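Residue numbering begins at 1 within each chain, and the chains themselves are lettered A, B, C and D in the order written.
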């Protein structure tokens, strides 16, 4: 099987600090690929380079065979790459429904339409409501986003990514700061989505990682030290030494 | 080209440059550290000039006038900061622009009320009122030379304060990363007030230095403040070094435009249209410079790191 | 729809009938009160108030109602204020106007409404020429005349080369055109500097150029506060004694007290030309100057003199029709005669309603009390009419 | 419920305002006070300009400190043809809108690459360039400005040489412009603009080329303001570079903020408050700028929603 995403020797430096160093990674279609590693390992930088929010210093990214290394983020989105943000990034002074509807709108042709009331446009509203229902925010659709709870913000992040009907979903710590019950809800959602979507998941919650991931990549100091199935990763000595010995895993 | 004229114009450009630097350095620090757009900075320039005029009148000495006017202007700056500006830091740039636009109107009206509309001449002591032959054939007004030396001295002092002292370090830290000074446990409020006061004093000094030449007048700060903004934008907001280089650059370009543009344009246009186009075009030059620089460097020449 | 509404509106106006018979002469006076140029406006307003007081507040049996408006040194505001005077206050005369560009912007509003427009200072070439109007009168001069007199004076003095500096606006261009027209020597350099809001006041670059040009004289026109600033820098740059200063409308009684305070002795003896001076020898002028000094404790400027004349010109018109302000033709005819005591002495109006008058050379001197003022030296142009009058089809 | 009450209060106010505006000429005709008509004319023109600024500033978060440029460009597009004896109204209007649009396209393409204060200052810089540009063209009056002898000629359609006709022409223009802006802000395009103000990075990441949408919005605002400029030129019969001074741009921002950003009628309230305050205060005292300035500071400090916000507040309280 050809991978849906092929990353070769990707690099990014900030000043003197190397955030990602010669990353080579293949992501296969339909899999959930988790990226784990201690804080500062360069996981978010990797996601941002994949989404186009950061420019790569070096290396290449191939998505479905197309070179997208220098493509701006909006074009990648149109190709089918969507991301969520670790630090919530929403249109805070618009309603929940508006946020999702905009994501739908971005993928239903150009928006040089000046006349028709967009909030009455069923082509936008119906898919948006469907996604909101999927993530369980339907009851909060008219609330101004600023007033949602933290957990709801996380859910909305995912809803917006989903509304763009992505082929590849980049999830940057979607469970961060969520309670156990909410986390379980999200795990269920991701499991349901697994058919037909490829996901890259950054997550510190190891229960979530090991219950969802088909493949796991471990990053330390901007480099990949291991890639494999959850089983292989558990058994990997290097990982154990560098990471799994970390108390973080044991407590979770 | 006539080299005597050329050297004289370089000195004139330098004089305008250091004057702009006195205004711009305070502006860029206030902007860089507090993220505050202060259109009313020019009003402090005006207040400084009027204070200097009044104190010179009372003490009958320009030097005493300046010595008294500098702290007085700083006090006005501090009072304005405490009463109004402080409440605006948390709001957005748009609010800053509007509120300080309002402040300008208030200051202009107050000065009109207190000193009348006619402006104020500031007499210079005889030793400053003459000329000095700096180089053979190059005779330059003494007072303008004093402006240049004062400005350059202040620039050096400011450089030393910022690079060598603890408060300078805080200012630098603040200009490149605002949240950091809070994390260092510094009393931000006091630091802000002090920086604002110091900025006011420098703006006031600039006003004091120019008014023996042009007179103190209402609204004198309103046009130079726009030029000062151009300077800090070109230099990169928050960078004192950038402000200095940009101020000198703008000073030169403006003076050279006024001096030689008409001669240059006469090569291209008829004498008559060159005469009328030159003043407008030379006024436009600095804006063209700014736009060009922003096209290639959207953050100015020396953006402080980490923002 | 609009037509109907309009008809309704006109019907309404007709129902009320013609405006109630006037028992007051309403004079609108537009000048600059705010901004640094307000110092000129103050002199004019003082003079107008003095004139109204001197005539006992009445002309032709009618009370004088004076409405002062501030143009803020902006053409657009001047026009707005003129509109207000015409439409809201329904004045009979609109007077004042320091600045040529303000007058140009405002003239249509006043003249189209059938009002008299009297310029107490500005004299742009357009209004003297093709824009001349039967209801426009000037109590000052056409912009070019004073510098033409200066050109003549320079010729008489045998000056061979001249450097010109003036602000870049209508009057500035007229002034420089005026002196260039008459001056026979060589113009070695010319600078038009930024004017209006944000006017340039630091002339370092220009003065350096003037110095390098080696001219035998420097001609400047800097009205208001720019004049004082210029003279100081002229002295500071060490040009005094090297390149003599010849000025028009620059060294006046507004600038002189400040120059005296700043001990700018260099201005003493510098030459200018003008149609009037405080020491001009006629009864009306003596009354005006002494009255003004008594009331305000300073010499009047020429702006004040022209404003003082404005009131007397209006008075002559109102008295000629015995206070019947609807007799526009009668008033116009009376004003055309210039039959009133003017501070400049006897003069007449040309076809374009600009004065035909003498221009004198003046020198800066110290008066009996040691106060700096200007004194008349001699007549440079006698009964001079502006050159644009021939373009006026009237 | 809350929304419904607010809506009715708003509608009531809107209806009252436009009824008053509609019948004003009859009143001024009866009382023979044409000056108020002039005042309202100026107010309505400024309201159109402020509404166009509100489109980019209030809805789009683009703080342009140079919006007065379009007023000037529009006015000169009436004045310059009139100077050559071309008084064809539709042509002049077309020129005004097209020239403003082109100017907005070129400058916007550059300005929108910058952010925050840099954007504020670069928009100002471009306007200063136009300002000095017109100052230097002596043919059209330079610093002194240009008198427009004849107003735009719309043939038999409407003769705006007559002040009352001009008044209705401006009133209808205002209504149409407000309606257009209302439609745009509610449309798909409008949502993209609003979203870009709120969070531009996220808008890009969900697939919008925000730069282009914002640029188009910037151009639309410029065109509308250029139209207002054409009206202004006709109304004042006079144009000068002074109209494009940076303080004039500041005044436009003030109107938008005073009225309340992002609301449809806000700019109308703001322009009205501005014109009336200016007129009233300046007749009150020589030092009226002080009161004006103090008021400005008060609005910023205490009345963030502007007049429109106060209306909303009252509407909510009533219920």
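Convention: a contact is a pair of C-beta atoms (placed from the backbone, for glycine too) under 8 Å apart; a residue touches a chain by one contact, two chains touch by 3 or more.
The shown structure was predicted, so the numbers you read here are calculated from the model rather than taken from an experiment.
Participant: Give me the step distance from subunit C to subunit D, shortest route via touching chains only.
Facilitator: Graph distance in the chain contact network comes out at 1.
Participant: Among all other chains, pick the one whose mean CA position is farthest from the mean CA position of subunit B.
Facilitator: A
Participant: Which chain is the middle one, judged by CA centres?
Facilitator: Centre-most chain by C-alpha means: D.
Participant: Could you state the distance in Å from the CA-based centre of subunit A to that of subunit D?
Facilitator: The answer is 43 Å.
Participant: Using the average of all C-alpha atoms in each chain as its centre, how far is it in Å between subunit A and subunit B?
Facilitator: So the centroids are 49 Å from each other.
Participant: Just the number, please: Cα centre separation of subunit B and subunit C in whole Å.
Facilitator: One centre to the other, that is 36 Å.
Participant: So what's the Cα centroid distance for subunit A and subunit C, whole Å?
Facilitator: The answer is 75 Å.
Participant: Would you give the residues of subunit C that are in contact with at least 2 other chains, written as numbers and ranges?
Facilitator: Residues 33-34, 168, 173, 197 of subunit C each touch two or more of the other chains.
Participant: What are the residues of subunit A that contact at least two other chains?
Facilitator: Answer for subunit A, listing residues that touch two or more other chains: there are none.
Participant: Could you check subunit B for residues that touch two or more other chains and list them?
Facilitator: 112, 222, 276, 279-280, 283
Participant: What chain-chain pairs meet the touch criterion?
Facilitator: Applying the touch criterion to every chain pair yields A-D, B-C, B-D, C-D.
Participant: Help me check something: in the complex, which residues belonging to subunit B touch subunit C?
Facilitator: It is residues 2, 4-5, 8-9, 12, 15-16, 112, 116-119, 121-124, 129-131, 139, 141-144, 210, 212-215, 217-220, 222-223, 255, 258-259, 262, 275-276, 278-280, 283 of subunit B that touch subunit C.
Participant: In the complex of these two chains, what residues of subunit D are touching subunit B?
Facilitator: Against subunit B, subunit D makes touches at 57, 63, 65, 110, 113-118, 120-122, 124-126, 128-129, 132-133, 135-136, 138, 142, 246-247, 250, 253-254, 257, 286-290, 292-297, 299-301.
Participant: Can you name the residues of subunit B that touch subunit D in the complex?
Facilitator: 31, 37, 84, 87-88, 91, 93-95, 97-99, 101-110, 112-113, 222, 226, 229-230, 233, 237, 273, 276-277, 279-281, 283-284, 287-288, 290-291, 294-295, 298-300
Participant: In the complex, go through subunit D and note every residue touching subunit C.
Facilitator: 25-26, 28-30, 32-36, 38, 42, 135, 138, 141-145, 147, 149, 158, 162, 164-165, 168, 236-238, 240, 242-243, 245, 247, 282, 286, 289
Participant: Quick check: in the complex, which residue numbers of subunit A touch subunit D?
Facilitator: 51-53, 72-75, 77-78, 82-83, 85, 89-94, 98, 101-103, 105-107, 111-119, 121, 124, 160-161, 163-164
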